[in-house]
Structure formats: C-alpha cells, structure tokens
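Since the structure comes first, as structure tokens, the remarks are kept for the end.
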Amino acid sequence: MTGTPVGAAAALFRRDLQLAVRRPDDALQPLLFAVIVAALFPFALGADATRLAPIAGGVAWVVALLSLLIGLDAVYRGDEEDGSLDQLLVSGQPLALLCAARMLAHWLVVGLPLVLVAPVLARLLGMPPNAWPVAIASLSLGTGVLVAIGHVCAALAVAAKRSVILVPLLVLPLAVPVLIFGAGAVQATLSGLSPTVPLLMLAAGLALAIPLAPLACAAALRLNAG
Amino acid sequence: MTGTPVGAAAALFRRDLQLAVRRPDDALQPLLFAVIVAALFPFALGADATRLAPIAGGVAWVVALLSLLIGLDAVYRGDEEDGSLDQLLVSGQPLALLCAARMLAHWLVVGLPLVLVAPVLARLLGMPPNAWPVAIASLSLGTGVLVAIGHVCAALAVAAKRSVILVPLLVLPLAVPVLIFGAGAVQATLSGLSPTVPLLMLAAGLALAIPLAPLACAAALRLNAG
Amino acid sequence: MHPLVRWFHRFGSPPTFYRWAGAAQPWLFAAALLLGAVGLYFGLVVAPADYLQGESVRILYIHVPSAWMSLFAYLFVAVNAFVALVWRIRISEILAMAAVPIGAMFTAVTLASGALWGRPTWGTYWQWDARLTSELVLLFLYIGILALYHAIEDRRRAARAAGLLALVGVVNLPVIHYSVRWWSTLHQGESVKLFGESSMHSSMLWPLLLMAAATHIWFFASLAGRARLALLEADSDKAWVREALKQSLPDASPPHGASA
Amino acid sequence: MTARDLGFARTGETIFGPVTFVLRAGGLLAIGGANGAGKTTLLHVLAGLLAPSMGTLATEFGEVGHAPGSSRVALVGHHNGLKLDLSARANLRFREALHGAEESQTVDKALAHVGLAGYESLALRELSAGQRRRVALAALARSRATLWLLDEPFANLDAEGRSLVSTLIAAQRERGGMVALTTHGADVLPADTTHCRLGAAT
Amino acid sequence: MTARDLGFARTGETIFGPVTFVLRAGGLLAIGGANGAGKTTLLHVLAGLLAPSMGTLATEFGEVGHAPGSSRVALVGHHNGLKLDLSARANLRFREALHGAEESQTVDKALAHVGLAGYESLALRELSAGQRRRVALAALARSRATLWLLDEPFANLDAEGRSLVSTLIAAQRERGGMVALTTHGADVLPADTTHCRLGAAT
C-alpha cells in the first residue's frame, strides 16, 4: 500500500514518532516542564508553599498548557531546512491529510503525556480530588486545540520565510481563549460551580480545529508554490 | 584588530545579536512566555487572586526560570549542524572567551528583557511595590547565573552527538539553588525580613559563574576533540 | 609533578589497581557486614524506642547513614572528576563513574526511608519541604550524570563530560546540607556533630556511628567491584586483562560476582 | 513535457528565463548555467514547487505534483530531504510510503544496491556526505515517478557512485521516464542529451 | 606537517589509516578514496577537531588549532559553516574577525572577487548553493592560515568557480602555505600534487 494517501500519512505519522524517540529532549520538554513546575514552587516559596496548595491546581495547569507552545515554531522549519518539506509537496499526496498525521503525532508525543501526568501534578500540588476529572478533561481537549493552532502558525512561519513573523505572537492570541476556558473549568469546579460551559467551549474549539486546521496548514505550506 | 581574541569574541557577540534580530521569534519567545503566564495567573486563580500577593515573588521567579529554559538546548546545536562550531574550534582563539561572549549575548537577548519587564510581572502578580526593587535586583543577578549554567549544559549536550539527553534535566538541578535564593530574597522582603543574605548568595554565585562557566563550556566543547 | 598525581599514576595504573582492589574487596565487604550487623543489633534491639516516635525511630539507623552517604558519594565523584579532568588520570574517570550509581542508590534509599519515617512522624509520606526536595534534586543530578554518561559512545569522552557535569553540580551539596537551617523545614536539624556536643543520646549515637562506618566501608567495597569491571571492559583488548582473566578463571568468584 | 518561454521572477527581478524546451518520454534534459543562473529554481518550477511567473509549462500528466495520485515527480535537491536522526532504513521506508515504490526489492536490497550494505541501521548523521547522497539515490531508484528532477546528482559521489547515477538515469529513460538534471559541465552525459543553458547570472 | 601511521577509530572500529605522508610548506595534498573512506574524518584530524587514535601527527606550528594565537588552520567542510539568516557581508565580517584576514581588501571587494558583487546584503538562505560556497571561499581567500583544509572544494561550483578555487590554492602555495583537499578524482589538479588514497570502504 505504498504510495496511497493513507499509507503516506501513516508513514509520516510513524516517522514523526520515530524522530521523537530519537530526540527525546525535544519531545519530553513539555512534560518535563509540567513536572518541574510542580517541583519548583516549593523551592521558590519555602515555607509559604502551603499557601499555594489551594490554588496551585490552576497554576500548574496554565503553565503545563503553555509549555505545549515551546518549540512549536520549529515543527516545519526543520523539514524546510533539510528539504523534507519539498519531498512532501512533490509527493502529490493530499497535503491536508499529511498535516493531520503530523498533528496527531505531535499530540501523541507532547499532549497525551501531559494529560496522563495531570493527576500526578494535581496530587503534588494538592488540588482537591473532586477537580481532577475536570482538569484531565479540559487538558485533553485543550492540548488538542493548541497543537492544531500551533501547527497552522508554524506552517505560516515557514511560508513567510523572508518576512520575520513572530510565531509566538501568532499563537498566543489564539491560545489565550483556550487557556481561559481550560483554567476556567478547573477553577469553577474548585469553587463549587459547574464546569460544563467552559468544557463545552473547548469541545467546540476542538470540533472546529480537527477539520479546519489541516486544511489551513496545507494552504499555508502551498503559499510558496503560489 | 581582526584575529585578536578580543576582536573575535566581540565579533561572535555581534553575530549572535544579529541572529537574534533576524529571528526575533526565537529571541522573544521566553519574554512572551513569561508575560503571558504572569498575565494568566490571576485569571487562572479567579477569586483567589488575592492569595497570590504574598507568594508573588516565588511565582515570578518560577516563571522567569521556566522562560529562560526555552530554546536553551538549541544554543550550540545550531552551530554544530551548520559547521559554525568547527569554525570556532579551528580558529585557535581562546574558546572560553568565545563562550563568554555567547553567554553575554544570550543574556542581553533573553535575560535583560526579563529584568526590564520584571515590574510588569510583579504588577500582574500583585506583588507589593516595596518588593519590586529586590525582585529586579535578584532577577538581574539570577538570570545571569542561569544563562551561564544553561550554556554549560547546552555545550555538554553537543558533546553527546545523538543528544539523547534532556538539557532541562541537566539544567534544573543546577538551577534550583539560584531559584531558592532569588525567590528567597523577594519572599524575605514580602514578609518584612532583610533580603541581603540571599542577594549576597546570588552575587557570589554570579561571581563564581563568570570566570568558571566559560571555562566549563569550553572544556565541554573540546570534549569532541578528545 | 604534583605528589598526588604521582601517587595516582603509581597506584592508578590499571593492572596495579585491579590487583589491589581485587585483594581488598573481600575484606572490605566482610568488615562492612560485621559492623553493619553489630550496628543494626544495637540499633534495632538494644537501643530504646523513642517515647514520642515509638519503634519507628529505628528507621534512623537506615535513613541517616544512607543520607550521609548520598552526600559523601557525590563528593567522591566530584573529587575524582576534578582529578580526571585536570590531570587526565584515567583511573579517576573510572572511579568517578563507578561511584555514581552507588550514590544514586543511597539517595534513593534516603528518600524511601525518609518517606516511610515521615508517615508516622509527620503524618505524610511527602512534603515539598526544602530538605526533602533538595535531596530529590540530588537524585535528579545523579540521574542526569548517568544519562549524559550513557549518551556518549566513546567511554573516555563520556566519563569526562559526565564528570564535568558532576563538578558543576557540587553547588547543590551545601543547599542540601544547610537547607534545614536556611528554611523552616519539617525536617530534623543537625543533631550529630563531628565537633562539640551531639544532641543525640549515646545509646542511639553509637549504633548510628557503627552503621555510618559500615556504609562507608561498603561503599568502597562496592566501588572496587564496579571499578574493576569497568577497567576490564575499557582495556578488554590489553594484555594485562587477558592475564588477569586467566588467573581469575580458576578461582570461584570472577570479578562479576564482586559488583554486588 | 513542453516549456514555452518559461521564466520565474522573485519580487520583480527575473531569476531565469524565458527558456523554451521540449522533454519527451525517455528524454534527458541537462540544465547548465553559472552559479545563481536559476537552475535549482527551474527544477523547483518543473516540480510544481514554484509557480512560473511567465510562459507556460505543459506536462502530459497533468499539473505536476499537486493532485493526489497524479503520476508523480521525484526530486533530488541540493539537500537530500532525509532526516539525520533516523537510520538509512527508516528514511528509505518513509520515502517509499510517500512516493510509492516498486515492490520487487526489499529496502535493504535497495540500500545494498547503492553500496550501503551494513550501514542500514546507522543514523544518517553518522554517515558520510556521499553515503547520505546514496540513500537519496536509493529512494530515487525505487520511485516510479514519470519525471526525475536531479539537482547536481553527481556531487559528493565517488567514481563508482557517479556511474551508479548514470545507470539509474539510463534505466529510467529505458522505462520511458523523463529526467531533468542540473550540471556544471564537468559531468559525463550521454550524447543524446538535450542541453538547456540558463543565461549567466552571478 | 608529517603524519606517521596516522589513523582514527570510532568506538573500536577503524575509520581510516594508518596513513603516512609529509606535507611541506607550499605543498598540496590530495586525499582520495571512496565514499565513506574517511577523507572528511582525516581532514578533521588534521584540523585538530578529532584526536588521532593511532600514529603521530607532527606540525611545525604546534598542536593544530588549539593554543590561542597559534598559526591557524582554515577549514572549508561539507558544510560552509555560515549562518543562513545573516547576509553574506555579515558572515564574512564575522569569519574575518574570527580567523584574522589581510587588511588589504574590504569585505565587499572580497565578495566581488568571488563574483558576488550585488549579493552582499542578501541573507544567505536567499543565495544559491554555489553562491553560498563562494562566500566560504571569500572567507578562505582572506585567511592567513598556514594550513588550508578543503573538503571537496570544487563541489557545487561552475567552471569559473572551479578555476577560482585553483587560483586561490596556487596563491596559498606561493605564499608558502600548505593545502590539503579531498577529491573524487574528477577534479583537475596541478602535476606536483602529493596524492594520498584512503583504503576503500563502502
């Protein structure tokens, strides 16, 4: 099944996972960040650490989510510098499908671990257990949306090689709403309110991103080809 | 004065600054990261935001440290991939001096902006103004030390060609003492104590790092030459 | 030449070291076991249970010695790394890297025993307390050194790189040691002092010191074993190794058995 | 494939062209010209990576390299388009899935065929410049693309490697495929090569 | 410079050698060998980037490329060692400050001399492969290094560029400098070249 669009996408997916295994420092950085944050506060606050406990849940959540954005701008730059991107474009495979494969791989490498350690973080920082499910749910939705956004912006950055555009500047405005709803969901639960609305917003965001982001990504990569 | 050690170091310093200007997205990412996180903290905490004030110092420092970690692993990898590193090694210039120049440039690009926006961070986190001077002082000292540590670890990562190591994993244990004293100084001020001792500790750390870190960095880069 | 260096060169020539270490190892292990047994007997049986902590106080005899060792081992690594980097002495590279896993092990034991001890005394296994967290950081540091060491194929380069990292990491030792003074921590302050009055009753102090001695000796015994193995690997193509192996074939315990 | 008055301009100033040539099935086009004359750019236009800014490019197999399943183009550029952190085998596997390949050979056979037997599982960054190039050639050798675009295919290769390239090209032409390559004149090419020299720039 | 039974091994297995050669002032050494034979590795050993694992390398100007102010080595590798995001001018300025250069020419003159007049302020990523190579040559032309190490210096260059390289080499030898380069046999070299062929690998 070599050469079929699905086969190609699957292969690209596999390749990105392999690369993540070969360069774990790139892949694990976000996860490490999240755990480190939990470990750093006690140092920073010494005895005051206890004061953080009640609010630390939301805190770590924000940083964990933001850590997703690190190095996102490099997603396509690497492929562009070593000529792999040309190969993708030349292959004549449906580009959007390829982009989708990359996003999925990226989420598996960077997003999923974050979701999995969420309970650990919550525990470390003394988040009341009743908020854990919400934290996990919002993280799984939020990470998905952020990865999608990030990939589109990274593709744009590659397309506009010569003009210096700031990927973070592109990503962050788009990311802030995600953070707001995500953190909002957790805080709502912590203060006894219902997290449904913010969670629904996140879900809506994801539902939008899944079909649209790959198309946008592909379009951005095509920009050079005029 | 071409070819003189000082001239070479100066040129390298200029080059890194130029690169930062050409790739502002890489250069600005840490700063943006710090500001956004700080901005989101009060939000993530919602009503609890007031609880943040007493621990603002620690939080600000954690944010600063995390943002400094961004892109640290790329410091020498880029030079290694495009052959620039070989040119540095072959030049026969005192390598430690060149490393020092790079550290200084990196600090100017990443550390100084953090110091400059420190008041903004403090404001966002609701830190009482009387602690701002200390926060700024501790950050200016601390970021210097952190950059130095970071460069040594980045250089070590290059020695491991197939960089299977997590630069953050190397950096963080070393960075923790800096964090402790930096945040300690601010927290002391917040709780009405004198910040002199922790600040002196930071100054001592910087005094140690300035001569030693470049040497360690050079030694690490030389490891390749066996 | 610096006397220390001369000494290292003489004692540190692989064959010599291999012989000496091999000869000393059994005795060291024996001594360690003996002292340890006596120490544990006095500690777990003779010494009184604490009127506050009850029997749980006896964890002290595991916890404190291993805690001290976690720091001592790191110091040992750092010193050897320094010698290796400055004077390029190979045996020091070997010793430093051989000591890292042992130190990591002691650190893990410290964390575990401390956590177990914390449950009855502080009512929690873990607190993000300065002393506790800094010890955890020490473990990370050990792991980082190991990771770097194994990330580089060429063994000598790997050893020097990891050694460099270990040297930079020395800054953490004072933080761990003085953490109890610098911050108000849950953790015990210094109760055993080399000089001046120890705040610990002698019936507890003596078994503790015995255990400390035992762990130190055991450290060197285990170190000897690992270092010998590392030497054999590094010089596997050298003549003296074939010699050594020929000799060790008849005797029952090949060097592998040593590295317990 | 027929190019009529083909040209490309970047932000106003012309990079190359207008050039006119016809490349028939089984044909070989050699693009010459000084450094910076626009050879690579022309290849990219032929590959559909860049849209020509003047003239027309007609290919009997539809617009190049866009529509899914279209008879594909194989490109070997200045950069090999391989991942340095992956093994030669992994790189080749990926390229096959991407471009399609003859099932006849196994991946390792293909690598052996370009003289990389024994290097299959080394990370590419541990291979020499020429060995990396050979991995790219292995991928090329197996692609069923109608049009091959080779940017200085003989660079970095030893004598044996260069003859390998020549045989690959010959085989592709046998098959009725088309080949367009860039050269700096130092390379040995068959007599029936169509030459196309881009106006000297630099 | 004298190499006696020089060799290099990576984690046990030998990459090249033992080789023995003498390179006198004004001499030119051409290192041949198949892809993967170890040419680049040998150059790196000569540059002091790698420590030889067997044999001895004696250079009348001290350990190569280490001690500050030591008569320096100029290296042009497979990678040009230039920053793609900087302009040709900025790159050249930096290299001069790093390695030292004859003050005679200005930077732009040096660029014009390698045929890059008008491209001084373009970012390197906007230059063609050969033009990038030429920037590296411009840096080489101005370095006062005693020993030049050139890894396939003729690659990516057009005829005029190749003759430029030859003249540069000739000038360096005039000056009493030494040149060691790697080649795949296709290049034209002066008759008095010392040849050194590395045992075939790959």
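Letters A, B, C, D and E mark the chains as written, and numbering starts fresh at 1 in each.
One rule holds for everything that comes next: a residue touches a chain if its C-beta (ideal position, glycine included) is under 8 Å from a C-beta of that chain, and two chains touch if they have at least 3 such contacts.
Just so it is clear, the structure is predicted and the values come from calculations on it, not from any experiment.
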State the pair with the higher C-beta contact count; candidates are B-E and B-C.
B-E
What chain lies closest to the overall centre, CA atoms only?
B
Longest centre-to-centre distance from chain D, chain (CA-based):
C
If you average the CA atoms of chain A and of chain B, how many Å lie between those two points?
25
Round to the nearest whole Å and give the separation of the Cα centres of chain D and chain E.
28
Taking each chain's centre as the mean of its CA atoms, how far is chain A from chain E in angstrom?
44
Find the geometric centre of each of chain B and chain C from their Cα atoms only, then give the gap between the two centres in Å, rounded to an integer.
32
Multi-chain contacts only, two chains or more: what residues does chain C have there?
130, 134, 137, 154
Mind pulling the chain D residues that touch 2 or more other chains?
78, 84-85, 123
Please output the residue numbers of chain B that touch at least 2 other chains, ranges allowed.
22-23, 81, 161-166, 169, 172, 176, 180, 184, 224, 226
Residues of chain D touching chain A in their complex?
44, 47-51, 65-70, 72-75, 77-86, 90, 93-101, 103, 123, 144
Can you check the complex and tell me which residues of chain A touch chain D?
2-3, 5, 7-8, 10-12, 14-15, 18-19, 22-23, 81-84, 86-94, 224-226
Can you name the residues of chain C that touch chain B in the complex?
85, 130, 134, 137-138, 140-141, 143-144, 147-148, 151-152, 154, 156-157, 160-161, 164-165, 167-169, 171-172, 175, 182
Chain D residues touching chain E - in the complex, by the definition given at the top:
33-36, 39-40, 78, 115-116, 119, 127-131, 133-134, 152, 154-162, 184-186, 202
Mind listing the chain A positions that touch chain B in their complex?
22-26, 28-29, 32-33, 36-37, 40-41, 43-46, 48, 51-52, 54-55, 58-59, 61-63, 66-67, 69-71, 73, 157, 164-169, 172, 176, 179-180, 183-184, 186-187, 191
